[in-house]
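The same chain A turns up in both complexes below, where it pairs with chain B and then with chain C.
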Partner chain A sequence: MARIRFRDVRHAYPPPKGQEPVYALNEINQVWEDGGAYALLGPSGCGKTTLLNIISGLLTPSEGEILFDGKEVTDLPTSARQIAQVFQFPVVYDTMSVFDNLAFPLRNRGMDEKLVQQRVEQIAEMLDLTDNLKKRASGLTADGKQKISLGRGLVRSDVNAILFDEPLTVIDPHLKWQLRSKLKELHQQVGVTMIYVTHDQVEALTFAEKVVVMYEGIVVQVGTPVELFNHPRHTFVGYFIGSPGMNVLPCSIDGGQPVFGKNLLNIESRIKGQLQGKLEVGIRPEFVEFSDDGIPVKIEKVEDLGRYQVLTLTHESEIIKMVMAEDQTVPSENPRIQFDPHHTKIYCDDWVVEEAVNE
Partner chain B sequence: MIRFNKWLVPTLYILFLMLPIYGLLSMSFKTTNEILGGFSFFPQEFTLANYKVIFTDPTWYNGYINSIIYVVINTLVSVTVALPAAYAFSRYRFLGDKHLFFWLLTNRMAPPAVFALPFFQLYSAINLFDTHIAVALAHCLFNIPLAVWILEGFMSGVPKELDETAFLDGYSFWRFFIRIFIPTIAAGIGVTMFFCFMYSWVELLLAKTLTSVEAKPIAATMTRTASSSGYELGLLAAAGSLTIVPGAIVIYFVRNYIAKGFALGRV
Partner chain C sequence: MNKTQNNKAWWLVVPVLVLVAFNAFIPLMTVVNYAFQETFGDNVFFWEGTTWFEQVLRSPRFHASLIRQLVFTGMILAIEVPLGIGVALTMPRKGPWVSVCLVLMALPLLIPWNVVGAMWNIFALPEIGLLGYTLNSIGIDYNFTNQPISAWLTTVVMDVWHWTSLIVLLCYAGLSSISDDYYQAAHIDGASRWAIFRYIQLPKMKRVLTIAILLRFMDSFMIYTEPFVLTGGGPGNTTTFLSIDLVKIALGQFDLGPAAAMSLIYFLMVLLICWAFYTIMMRNEEQ
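Now for the complex of A and B:
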């Protein structure tokens, strides 16, 4: 068990001939607390796998260092780091039985055979693999093989961290849900650090205590699901978390207050000083409401999603999404909307303007 | 009618393929006189005398032993050298890897005769002439590229996450390579050995040029049978039939692997 720390880590893969290297990871400074359950969330290609491989030592970062409990491990080989990692697609040792597959990481660390037996049976029980223990691993279905991969990741209780790289991709939805709750349960029992990569926000929000959102090689925000929802620090977090995502609309500032179109918006506190760059106002669809005076809009579409409705509105050429309870009705003529001032945020070059948040 | 047609074509084809082999086999059980006397489908006087000569006369059976020795050496060396090379090609990107891979294959496009003279001079100079090693190494020039190419295909079919998992589970590289990776691509190694074996077994020109007495291959022995009593055709047929045996045995063992290899698109 260890506290894992990234200090100024950057990584570039060797570029194709004659091209400049592109950083897959750019300036990561991040601490993974011992025993935390983290979800690493981000779009395809943002560097999630790269980050995990750097923790486990499969990759050595081009710059910066990795510390486990304050000790530098940047150049330590994978086999010496005591990290378990489960990949997106099943990896099994075809030539071994299911039991031997699960026992493999334990035996390699010289564990007593009796304890190995006990531990493997425990994990097999948890993953419903008990009936298959004697079979050859190559004979199982994709589901079954992925369970073996998971089992091999979970079987050791003395690892520094367990990394999951979208481990449930090949598993069918029902079983997925079950396995995810088992992982969570196991985390509560053993308390080992877990980092769970996904690009599915529901998966991330249900698994993790802390969600780390990545975007184009940087960590844009770390926080609890509620923090990410209420205080997105970056427009990307706003888009990515929540369904539908946050409305991000162009604006200008007049006397410390944002102006959208020709409409002055209220916010919690006035913005001090001059802002240089692209200015935008962010408002979640949940905090948009109809009002008598406000921004005039046209209603383009109403979707009924059961407990709530999603409205697509336009103001001039800007599209605004709005979420409304199912029992509310849409005004018949001249609809106008307003934004909840407590949840209206200003972004400058995609980063939140802090003055607006602090009360 | 359709069923009948489905069987007809393959059956005819196989008959057509088997005919010369049958001819050879039946000839090997005839006396030379009978062969010279005219064509007959079955041996009139069935005789094992030809085979007896081959298994008792050292100039004959040594030919087989020599061939088998250098073929086995060649196969082992080719596969052993090709394994790490193929691994590098399949797992790492390095400067010029594509060019090197292609260049390796172009070696095979030159006819062996091109290399006969240089090899002859080289081996004479370092006293390797007329040894099994000489032929085995000469054949490696052709077989290693082929082996690298076939093995690379099989290795690329194994996800690199297998390697990574083994490192995570505490294995060092070589331990992983020998204990996990090689068993995983056993089928590929079987196929590779088959092709190396076959090439080396049927290659005649280099084998003949680089040997004289000590390591003379069976095929060379066969071309020198115009003895005092004229051509001993029965004996030749028996020797020829026996040259098919090792290949048949190897094919029997790797037949399933070869099917897999074809399915994977290499070979």
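Now for the complex of A and C:
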């Protein structure tokens, strides 16, 4: 077990001839506390897998260093790092039985056969593989094979961290829930650091205590699911998390107050000083409501999603999404909306303006 | 909907039937014809039953060439298969060197059999050949034209040179089909280099390796041209393998009956060994 720390880590894959290298990871400074359950969330190609492979030592970063409990491991090979990793697509050793597959990481490390037996049976029990232990691994379905891959990750008890790289992509939806709660349960039992990569926000938010959101090679925000929802530090976090995502609308500042269209918006505190760059106001659809005076809008579409309705509104050419409880009704004429001042955020060049302290 | 019965499509099979008849069935039946009868020309035949078969199977000469053949095939398989796998494992997986290696590997396969025999004959000649001359001048007594051991070694090395590439190329194809995930998982699992080979690479190469071994078995068991050009079966009869012996009996001595019987025995042996080998390999697969 260890506290894993990234210090100024950057990584670029070898570029095609004659081109500048593009950094898949750009300046990562990040600490993974020992025993934490982290989700690494971000769109495809944002550097999630690269980051995992750097932790496990499959990749050596171009710049920066990785520390386990303060000890530098940047150049250590995978085998010396005590990291377990589960990949997106199942990897099984075809010629071995399920039992031998699960025992493989332990036997490679010279563990006593009795302990191996014990440990494998325990893990097989947890993953419902007990009945298949004697079967050949190649005969199993994709689900079964991925369970073996998971099992090989979980079977080692001495690991510093277990990394999951979108491990449930190939698994049936109902099993997904089951396995995810198994993983969470396991995390509570053994308390080993788990880092779970996914591009599915539901998966991330249900699994993790802390969610690390990545975007174009940088970590844009680390926080609990609630923090990410209420205080997105970056517009990307705003619209990637939440369904529908945050409304991000162009604005200007007048006297410390944001102006959207011709409408002055109320916020908790006034903005001090001059802001340079692209200014935007962010408001979650949950915090938009109808009011008598406010921004005049046109209602384009109403979608009933059962417990709530999603409205698509337009003000001039800007689209605003709004979430409304099921029992509320849409005003029949001249609808106007207002934004909840406590949840209205100002973004400058995509980053939240936090220094907007009170007068 | 009513289905209409129309058997005209069967005519499309005719060209294949004709081809198979002319290139396999009729020649084979001719051999069968000679194997059970005696002829003195003029298309006059006398029934001999299994006489020729008994004669061949009891003949010490047949036993001797069969043993030589088995030893030769065993030797070249024992050398070419591990060597081929080894070379395939060391070939680069990516980059500009891949095509260079592939072309270099394919070169020996492109050379006609008799040219290979002639090349090695000249190469190994003790007085003028590069190999023969060098060996002799560093003090090794080497002359494949009159020393059985030298002749054998030269034949084996020639075959290894000519055909290891085939195994390399097939194994390389098998290796390239393994995705990086497997190697990464193996590193995570702490697998040794040997374990990676044993549990990832070898199983993935199994199918192509089965084909490679079958091909090499058949080709080497029927080898004729290269040793014929290199040593002519000599010195004495020491490199007279089954095919060379068969041609000597059929065309040299014109004993068509025994030669035909020997051909059939030879053919059945190749068939039987291939079938047994393939069945065993595939049975393992199913388990």
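The rule is short, and it goes like this: the second predicted complex is superposed on the first by the 355 of 359 C-alpha atoms of A that agree within 3 Å, B and C clash if a C-alpha of one lies under 4 Å from a C-alpha of the other, contacts with A are read in each partner's own complex, and residues count from 1 in each chain.
In this section, a contact is a pair of C-beta atoms (placed from the backbone, for glycine too) under 8 Å apart; a residue touches a chain by one contact, two chains touch by 3 or more.
What you are looking at is a predicted structure, and each value in this text was computed from that prediction instead of being measured.
After superposition onto chain A, the modelled positions of chain B and chain C overlap sterically.
In the superposition on chain A, contact is made by A:R136 with chain C only, not with chain B. Looking at the shared chain after the overlay, A:P14 reaches chain B, while chain C stays out of its contact range. Contacts of A:T95 after superposition on the shared chain: both chain B and chain C are touched.
Of the two partner chains placed by the overlay, neither chain B nor chain C lies in contact with A:G256. Contacts of A:N108 after superposition: both chain B and chain C are touched.
Once the two complexes are laid over each other on the shared chain, residue contacts for A:F87 go to chain B and to chain C alike. Looking at chain A, you'll find residues 53, 56-58, 77-79, 83-85, 87, 89, 91, 93-95, 104-105, 108-109, 149, 152 touch chain B in one structure and chain C in the other. For chain C in complex with chain A, the residues that touch the partner chain are 179, 181-182, 184-185, 187-192, 195, 199-200, 203-204, 287.
Remark: chain A residues 14, 53, 56-58, 77-79, 83-85, 87, 89, 91, 93-95, 104-105, 108-109, 149, 152 touch chain B in the complex. Of all the residues in chain A, the ones that touch chain C in their complex are 53, 56-58, 77-79, 83-85, 87, 89, 91, 93-96, 104-105, 108-109, 136, 149, 152-153. Chain B contributes residues 93, 159, 161-162, 164-172, 180, 183-184 to its touches with chain A in the complex.
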